[in-house]
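Given below, in the form of structure tokens, are the structures.
Both complexes below contain chain A, partnered by chain B and then by chain C.
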Partner chain A sequence: MNRIVFIAIGILVSLLAPLFLDKYVLSILILSLYFAFVGQAWNLMMGFAGQLSLGHALYVGLGAYLGAGFFVQFGLNPWLTIIFAFCASAVLGAFIAWLGFRFAIKGVHFALLTIAFAESARLIFDHLDFFGGTGGLFLPVKGGEDWNFLQLRGQPLMFYYVFLGATAALCLFIRSLLKTRFGYYMMALREDQEAAQSLGIDLLRVKIIAVALSGGIASIGGLLFAFYQNSLFPDHTFAMARSIEFLMGPIVGGVGTLVGPIVGALLLTPLGEAMTALLDLVGLDLPGTKHLFYGLSMLLIMLYLPKGIWPFFEGYITRLFSEKKKNNSHGDASRGDKGKKELAARVV
Partner chain B sequence: MTTFLSVGLNGVLIGLIYGLMALGLSVVFGVVRVVNFAHGEMMVLAVYGATILNALFRVDPILVAPLIALFMFFLGYGLQRGLINRLLHQAEHVQFIILAAVALILMNLQLMIFGPDAKAATVSYSLETFELGTIILDKVRVYAALISLVVAMALFAFFKRTLLGKTIRACADNLLGAQVVGLDYKHLYAISFGIGSACVGVAGALMSLVFNVTPHLAPELTLLSFVIVIIGGLGSMGGALVAGVFIGIVQAYAGYFTTPSLKSLFSFLLLILVLMFRPQGFFKKAF
Partner chain C sequence: MSFNPVLRVENLSKSFQGLKAVNNISFRMREGEIVGLIGPNGAGKTTFFNLLAGAITPDTGKIYYFDHEIHNLKPHEISRLGVGRTFQIVKPFKGLTTLDNVIIGALQQHKRLNKAQKHARDILKMLELDRKSHVLAEHLTLPERKRLEVARALATNPKLLLLDEVMAGLRPNEVEVMVDVLLSLNKQLGLSMVVIEHVMRAVMRLSNHVIVLNHGEKIAEGKPETITRDPRVIECYLGEGAIHGCAA
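Let's turn to the complex of A and B:
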């Protein structure tokens, strides 16, 4: 009961809060939600299927460029291209997975392969004039346009709700996916490859589907964010540092949990942005500070809290809930219950 | 025809520096079995060390290379002792992510300290060339390549001939056996990481003569080293050197026939081809 109330309050707050927030805070919230979304997509692959990708910027960037490019060049509706971007990224992901896992080679090769593909994409998009090349791709911004959800053009507030909805939908999707046969296959693969194989699970197939799904979902996040940001540069979009940023949230929050990536992204992104803002305020111009902070927190978390923040707090929070339940029940009904318990404790 | 040949020869020269750089990675992977993700960042550090000394005291990077190698040796030794030895029993992806974090930290520290501008060292013979008939080769490249070759040979000799080299190879070959005969593997691992880093130190000092380097280049250098090591065969030292030369040649021709900014793409393409058809690389394990 309590849980439902809690969740309802959470939903209400996240729906109403942006109406009272200032523009800057809103932009940070959108950024955090974006990282939460992509982090969750990464988590699907690493956290639940146990396959490490260090190049998720590839799928994100591909989604962003496909959506934005076709919008700029042909005026194609983003909701149409989102399907195309999803499929393209999924196929690419499947190809990379097939390439990397075909011989059951060690994880090192696969992780390197993901980076190599992301770097290749950076170089290729640098030279594609259709997508703006090195100079960047810019989406036209019309002033005064308020909410055009069908064209994904509009105020930051709209994008806040878009990302909120997307992230929530993704969490629910993964939650239900984990309860399907395929979900159990993935987790079996994560826990013990050989044991999973001995039970007749087609490892290659599960890996390929997991990577394809994760890549496709990540590309949706990239596309949505491209329409919010309105500008794309290959050197930023496909940078190695980007890929690392995407996996920061899940790692700090807790890989392999549903809530962890969200908690991690909502915690780290504002901290990183606040740090940059603070340095700006002081008048220091140190370009690498945010990433230095990300790197340090990643290192410390991996060394001292390898399961992430969320599993650490989860026990504490559930205890809090059960405590509350107890309080409530004795408030509503019986004092006798408590008395009996105390008695029992004394007897023991 | 002569331009074609001199492009190839220049590729060989650059490739030897690449080979030395990759050799550093190969030693670390071959012995410690940990993938050093911060390899490119260490390379950039060495390059900046050489260029800063060059700018301050007008010294030739070739002369300060031993100094930088020594510094990098202790850095690598410390990194292995302080951090990586603790990770040996962790899952592979944990090691990977932690080293990626180290790489991120190093890269951004360098960005904060050195700034984002490209740096290179200049020496009195920077613009001089050797002329073999109609083929023209830059002096700096020839010197850098020769020194890379000498250092690589010295390293092979070290692992084949000296007692220390043999004990390190013993650790790589059979860790349990090495422990049984009383080898302090943590110390030896740290020395191996130090040696790998020293290779990077020399390669970086030499590279400062040939390329403009910025901290942003580090991930590309890491990846390039990996491509070379995988093509040569993970853990094979000779393979790394040969594959380095091969990649140097491929990049030189790729830059010549397309645009120079696309040349790295061809090494990634090569990686994909190798992983498709010969994922174990072209040379046998040497450790």
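Let's turn to the complex of A and C:
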């Protein structure tokens, strides 16, 4: 019962909170949700199927460019191109997975292959005039358009709900996927390839589907964010640093858990932004502080919580709930707050 | 026991950098038979297993499983035909629970998760692992991991089971339990098995037929009682002092 109440509160808070927040905080929340979404997509491939990708900017950028490009050039509806972007990225992911398998490129070397593809995409999109080339691609912003959900044009508040919905849907999707045969086969692939094969699992098939799904989903995130951001540059979109940013959330939050990537993104993104804002306030202009911060948090996590934040807190929270059931009056206020926050994160 | 050969191996050879790990081995086994595969360390037993399971492909020779030619198939294809195997160095899915480990095996036959789960629970009970269902495989003891290997392979409903030293490291009473389980599976389901084993008591109790390998070659085969008296076997494998040990 307690759990349901907490989840309900979490849903309410995440639905109502943005109405009372100022623009800047809202923009950070949207950014966090975006990283949570893409991080979760990456986690599907690395956390559950055990395939490392260091080039997820490839799929994200492809989704962004396909959606935005066709919108700018032909006025195609983004909800239509989302299907196309998903399929294109999934096929590309499947191809990369097949290449890796065909030439027996495993582990870190497979990750290098993913980087190579992302870098190639950056160079290719630099030279595609259809997508604006190096000069960038800009989506037209009309004033006065408040909520045009069908065209994905509107105020940040609308995008907050779009990303909230997308991230929640993705979490539910992966949660149910893990309870299917394919979900179990992904984990078998992650845990031990030889043993998996000996049980009749076609590794190639599972790998291809996992990478394709992860890439396809990531491209959806990219497309949605492109319509929020309204501008795209190959050097930003396909940058190696981007790919790394995407996997920071899951690694800090907990790879291979459902909640970890969400917790990680909701923690890291605001902290990174706050850091930049703080330095701005003091009047210091130090480019790269955010990345330094990411590097530092990665180091700390690897040293002290190698499994990530979520697995560490999970047991603590479960204990909290069982304690509360037994003794309601004894609930420590600060503890309760912490649990609520984590649960809100779980819901989001 | 029917006379349908479940496994037929013809002139099988495999070399690693010039070293003949398996040299021109032929044999056949009937359905429902339990074949013991023995030999000193480095005799080529595990290589032979890996050939049967498709983990490596032979240089020459053929392997038939019922009417299927399997020597060019991939491990997962051979598994789906009904050949289950365990690994000498156990390979549990460490980050998953015991139950989930076995469910993954059971999912080969049952597409629906709840059916696979039921099947997995039955097998865990049979191997007395049901109390450990929700323990992560990485927290199991070695004997438990050995049993988990067997449970996972059994969950795929194999017709032929390849067991690579599943008794090693078990206490004598645990060996007895494992042998009992395997014998009852053999009787009830007609499950055929090839068993690599160093624990001679288990080999003697289990096998209808024993094959002895040395330096990749088959040096003797026959009933377990006759094999232990074969001077070639005693010389290469058991050593002279061991004769009394086996007779006991």
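Remarks
Quick note on the criterion: the second predicted complex is superposed on the first by the 324 of 348 C-alpha atoms of A that agree within 3 Å, B and C clash if a C-alpha of one lies under 4 Å from a C-alpha of the other, contacts with A are read in each partner's own complex, and residues count from 1 in each chain.
Everything that follows uses one rule, which is that a contact is a pair of C-beta atoms (placed from the backbone, for glycine too) under 8 Å apart; a residue touches a chain by one contact, two chains touch by 3 or more.
Owing to the predicted nature of the structure, the values given are computational and were not obtained by experimental measurement.
Of the two partner chains placed by superposition, only chain B is touched by A:99; chain C is not.
Applying the stated contact rule after C-alpha superposition, one finds that A:201 touches chain C and leaves chain B untouched.
More residues of chain A are in touch with B than with the other of chain B and chain C.
Shared-chain residue A:180: touches chain C; no touch with chain B. Once chain A of one complex is fitted onto chain A of the other, the partner contacts of A:191 are limited to chain C, with no touch recorded for chain B.
No residue of chain A touches both chain B in one complex and chain C in the other. Chain contact summary for the complex, chain A toward chain C: residues 179-181, 184-185, 187-188, 190-192, 194-203, 256.
For chain C in complex with chain A, the residues that touch the partner chain are 53, 55, 74-76, 79-80, 84-85, 87, 91-96, 100, 103-105, 107-108, 111, 113, 116, 152-153, 155-156. Interface of chain A with chain B (complex): residues 46, 50, 52, 54, 99-100, 103, 105-109, 111-113, 115-117, 119-120, 123-124, 126-127, 239-241, 244, 247, 251, 286-289, 291-292, 294-296, 298-299, 302-303, 306. By the touch rule above, chain B contacts chain A in their complex via residues 35, 86, 92-94, 96-98, 100-105, 107-112, 116, 219-220, 223, 226-227, 230, 259, 261-262, 264-265, 268-269, 271-272, 275-276, 279.
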